[in-house]
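One chain, subunit A, appears in both complexes that follow, with subunit B as partner in the first and subunit C in the second.
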Partner chain A sequence: MNALSRRSFRWLAPAAAVLATLLLWQLVTAGGLFRADQFPTMTDTMIALGKAVATPPYWAAIGATVQAWFLGLVIASVLAITIGSALAFNDFAFRSAASVIEIFKAIPAIAILPLVILVLGSTLPMKVFLIAFGVFWPLVIQVIYGVRSMDPTVLDTSKALGVRGVRRFFMVVIPSASPYIATGLRIASASALILAVVSELVGGASGIGRNILQAQNGGTAAYPVMYAYIITAGLIGIILTGAFFLLERNVMHWHESQRNIRSNSEGALK
Partner chain B sequence: MTQTITPEVVPERAAGASIGETTDLLVSPRRVRSRGARVRNVLLAIWLPIALLVIWWFASASSTSPFFPPLSRILEEFWAQWIVGPASMQLGSSLRNLALGYLGGALIGIVFGTLLWRFPPVRHVSNPLIYFLYVLPAPALLPAMIALFGIGELRQIALISFGAIWPTLLNTLDGMRGLDQVKFDTARAMKLSPLRQLFSLVLPGASPQIAAGLRASLQTSIILMVVTEMVAAKQGIGYFILQAQTVFAITSMWTGILMLAIIGTAANYLFVGVERIVLRWYYRSRALTNS
Partner chain C sequence: MTIPSPESENTMSNLTVPTPAASSPSTPSHPSDAGEVLRVENLRKIYNEGKPHAKTAIDDVSFTVNKGEFVCIVGPSGAGKTTLLRCISGLAKPSSGSLSFEGRPLTSVPEQLGLVFQDYGRSLYPWFTNAKNVGLPLAARGMKKAERAERVSQVLKNVGLGHVEKQYPWELSGGMQQRVAIARALSYQPDLLLMDEPFASVDAQTRFDLEDLILTVRRDLGITVVLVTHDIDEAIYLSDRIVVLSGSPSRVREVVDVPLGDHREQVATRASDEFLGLRRHLLDLVMPHSA
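What follows is the complex of A and B.
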């Protein structure tokens, strides 16, 4: 294969696969394998999506979901980074708290959803609390390991240079732990989105999840709308996860695990 | 999107640094020599959870808030509902769905992850689709699945499996892609058959990262188990919790939450236990290089 066709294969083949899937969808639904009250055709869904995109409620739903995702993630990260670093520097505190963190991490966050709904209602604070609670525990573990894996020489050097306090925290500790934090954030971002959707589906707070459920309750005619919102949920996932994935790759390009994958994929392309 | 997809993994595992999860650290890496030190470690690990329970017990003892009943009453109710009472039936159905869904999804994930690794063109072509399915929040599919198939256990299991596939699949693929090329040259020099290569080189080599994927899948499965029961079932722990909330039986609801916490923790420890046995060689070699 020459360079040009290889490059075009790289871009065209995945695009063709997406198109083929959409076509297949159209064929099985229009061809009668599924009835319209089970699975709408691709064209109907796309029309519904196109119509929805032009309306303010569509963007309001996206806004509600993303807002909860963002607030929950920010609160959880700030707490995880401060508490995690504090625990990492004190062996006694770390070893005492480890089992508690591990237990809370094992509790599926949605278990407390009914309780949170009772206390806070179907509101934004309910979503934010649920997301922050669910995301905090895995994230704090990442932070602790990131800080603890710091090279002692680096810490000694910063001491010798007189870098201390807040400045050391931001200039030495956080950068050293950043690959771990970046990975933690990417995973957290995905679970935060799942929790946002769940809190809308089960908890009835406004957002994409509630719109999906409403469309399903709206009967057969609304099914294309339901799938339009499901596709939207996936697209939001692509954007949010993709952003963190890029961040992680850029922060971590020197890391051993990334290097190996990269050199292998380069080798495969040659 | 030529770069293949994200490992749901803690990179340190793949990199083989001396880090695992907290449980690992509590149980072993540093060999505990004397008995006194071991006792001290156990005490260090359990004093805080116990202290928190005691605080909860006394702080809630005279609680009049409807949302936070006394712990003593929750425990009584727990005994009455889950140990000797009717709710234990819900437990069986939940655990069965979880086990079947998780194992099914994990198996599909490993098999297809291996296939995608073996056939790069397929991987390349299907990359955007897999990525879409991976980032799509699985609960969003639930209403569609209800519309398609109605309500039933098989659908619940299917959705749990669906969610469990992706972390395992992507980590399998990534672990295999991260393998050292020299190992393949060695295998070629030794004239190992492809099947032999798969079982004695590829799968073991990628297994630490596959394990990390399996763990992420397990967590997704538990979430999906609860969500499916809350939205689309007439039984199970999630159904029990939501039902209790609807009729304002707060103490019952708390017992359900407690039960879920126990299941989550037990599943996690079970996983760690199995992982330690299966990956014993890996931890051992890691301990050797670190010392």
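What follows is the complex of A and C.
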């Protein structure tokens, strides 16, 4: 196979798989295996999605969900990186806090949703708090391990070069721990989106999740709309994951794992 | 967070002229004494002191290093050479004894000390380009960006590297990476360059090149060098004096003068009778059967 057809094959195969899935969906619904009040046809759902895309509320819902995702993730990251590094550098503080962090990490964030709704209502702050809470604990653990696994030579070098304080933190400690932090953020991004949709679905804050709930209340006629929003939530997930993948590839290009991926894709594995 | 550099900072070319030493010459231990850079007195280092698994790494080590000297520290493997270097550099605290750098007690890594580690792969930061690696200590000393860029290319040229500024350390060969690490240690024009087995991880040919490089740099910049090595030939080839350590826990077995002159050449010097005589003497000191 020559280079050009190999490249087009790389795109064609997944596209064909998606198309086949959509066709199968149409077959089982239009063919009568499922009734329309159980599962709408693919074409009805696509028409509903097409109609929704043309309206401003659709984009407002996406905006609300992504906004909460972003704010929650940023707040959790900033807190996790500062608190995590501080704990990692102090052995006593680390050992004291470890058990508390493990307990909080074990609490499913959804479990505190009723409480958060009571205190903050069906608002953006409610969503952001829930996301930040749910994402912070696993992330802070990731930061602590990242900093604690720093190569002693890396720290010695910075001491020898007279690199101190804030400069050492941003130029040495964070980059050195960044492979751990990047993994933590990638996982955090996925759970932040889940928490955003759940807080809208259960908590009633505006966003994709609430639109799914509204469509459900609209009766069987609105089922295609509901599925259109479910598909939208999936697409947002794919886009955010892809964005993180690209970001990691760019920011972490110096890291051994990324270098290995590059040299493997340049032919070592073929 | 950063220490601003003094206004009257020397440029690289100014450094070729040896400046008179600031510290007072106290009890000269070497004829060509021009001021003391480093003094180590009764240094002792015990790991896990006071605990049942305490281990004495260094028993009692004393020596001095004068301005402009090249001193190698040799000893059998496991003799605590690296521990000694960590103490001298201020990275580790000695259990007892005293250390002074340019007449002042040494408690943390001095501003005017350059350090080169054996493992360049770990001491060069892979997330920075070579230029940023070399410029990092300069940035920490508050040097302006434009001046920094100039100094970085100058110092990279000094170690025989041109046009690697935009590349990353891991894109270079081992020998070139160690050159970048040496350039980084030299960039802020330290008074003393400390090197821990700097050429142990490169091939033989590169090792000879780097040895000659460090001799050239030392001659051009008038810098004082202390180098730890397990390689006796390397120690003789480079040094003015060699501090020979005993096995663990280390003591100074002997301080050997190396009167090979300023001009040294890999093939001729290593084949000279003087070199071979010193080699025999040092092997006798270091080999375990002589203990």
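Note that the second predicted complex is superposed on the first by the 240 of 270 C-alpha atoms of A that agree within 3 Å, B and C clash if a C-alpha of one lies under 4 Å from a C-alpha of the other, contacts with A are read in each partner's own complex, and residues count from 1 in each chain.
Methods note: contacts are C-beta pairs under 8 Å (C-beta built on N, C-alpha and C of every residue); 3 or more make two chains touch, one makes a residue touch a chain.
Note that the structure is a prediction, hence the values are computed from the model and not measured.
Applying the stated contact rule after C-alpha superposition, one finds that A:171 touches subunit C and leaves subunit B untouched.
Legend: residue contacts after superposition of the two complexes on their common chain; A:213 is shown touching subunit B, with no touch to subunit C. By the touch criterion stated above, A:193 is placed in contact with subunit B alone, subunit C being left untouched. More subunit A residues lie in contact with B than with the other chain of the pair subunit B and subunit C.
Of the two partner chains placed by the overlay, only subunit B lies in contact with A:241; subunit C stays clear of it. In the superposition on chain A, A:156 makes contact with subunit C only, not with subunit B.
Residues 255-256 of subunit A lie at the contact with subunit B in one complex and at the contact with subunit C in the other. Subunit A meets subunit B in the complex at residues 10, 13-18, 21, 34, 38-39, 92, 95-103, 105-115, 117-119, 141-142, 144-145, 148-149, 179-180, 183, 186-187, 190, 193-194, 196-198, 201-202, 208-209, 212-213, 215-216, 223, 226-227, 229-230, 233-234, 237-238, 240-242, 245, 248-249, 252, 255-258, 260-261, 264-265, 267-268.
The touching residues of subunit C, counted against subunit A in their complex, run 1-3, 86, 89, 91, 108-109, 111, 113-115, 117, 119, 122-123, 125-128, 136-137, 139-141, 168, 170, 184-185, 188. Considering their complex, residues 151, 153-154, 156-157, 159-167, 171-172, 175-176, 178, 254-256, 259 of subunit A touch subunit C. On subunit B, the positions that touch subunit A within their shared complex are 1-4, 6, 8-12, 14-17, 19, 21-23, 25-26, 41, 44-49, 52, 67, 120-121, 124-129, 131-133, 135-144, 146-148, 174, 177-181, 216, 219-220, 222-223, 226-227, 230-231, 238, 241-242, 244-245, 250, 253-254, 256-257, 260-261, 264-265, 267-268.
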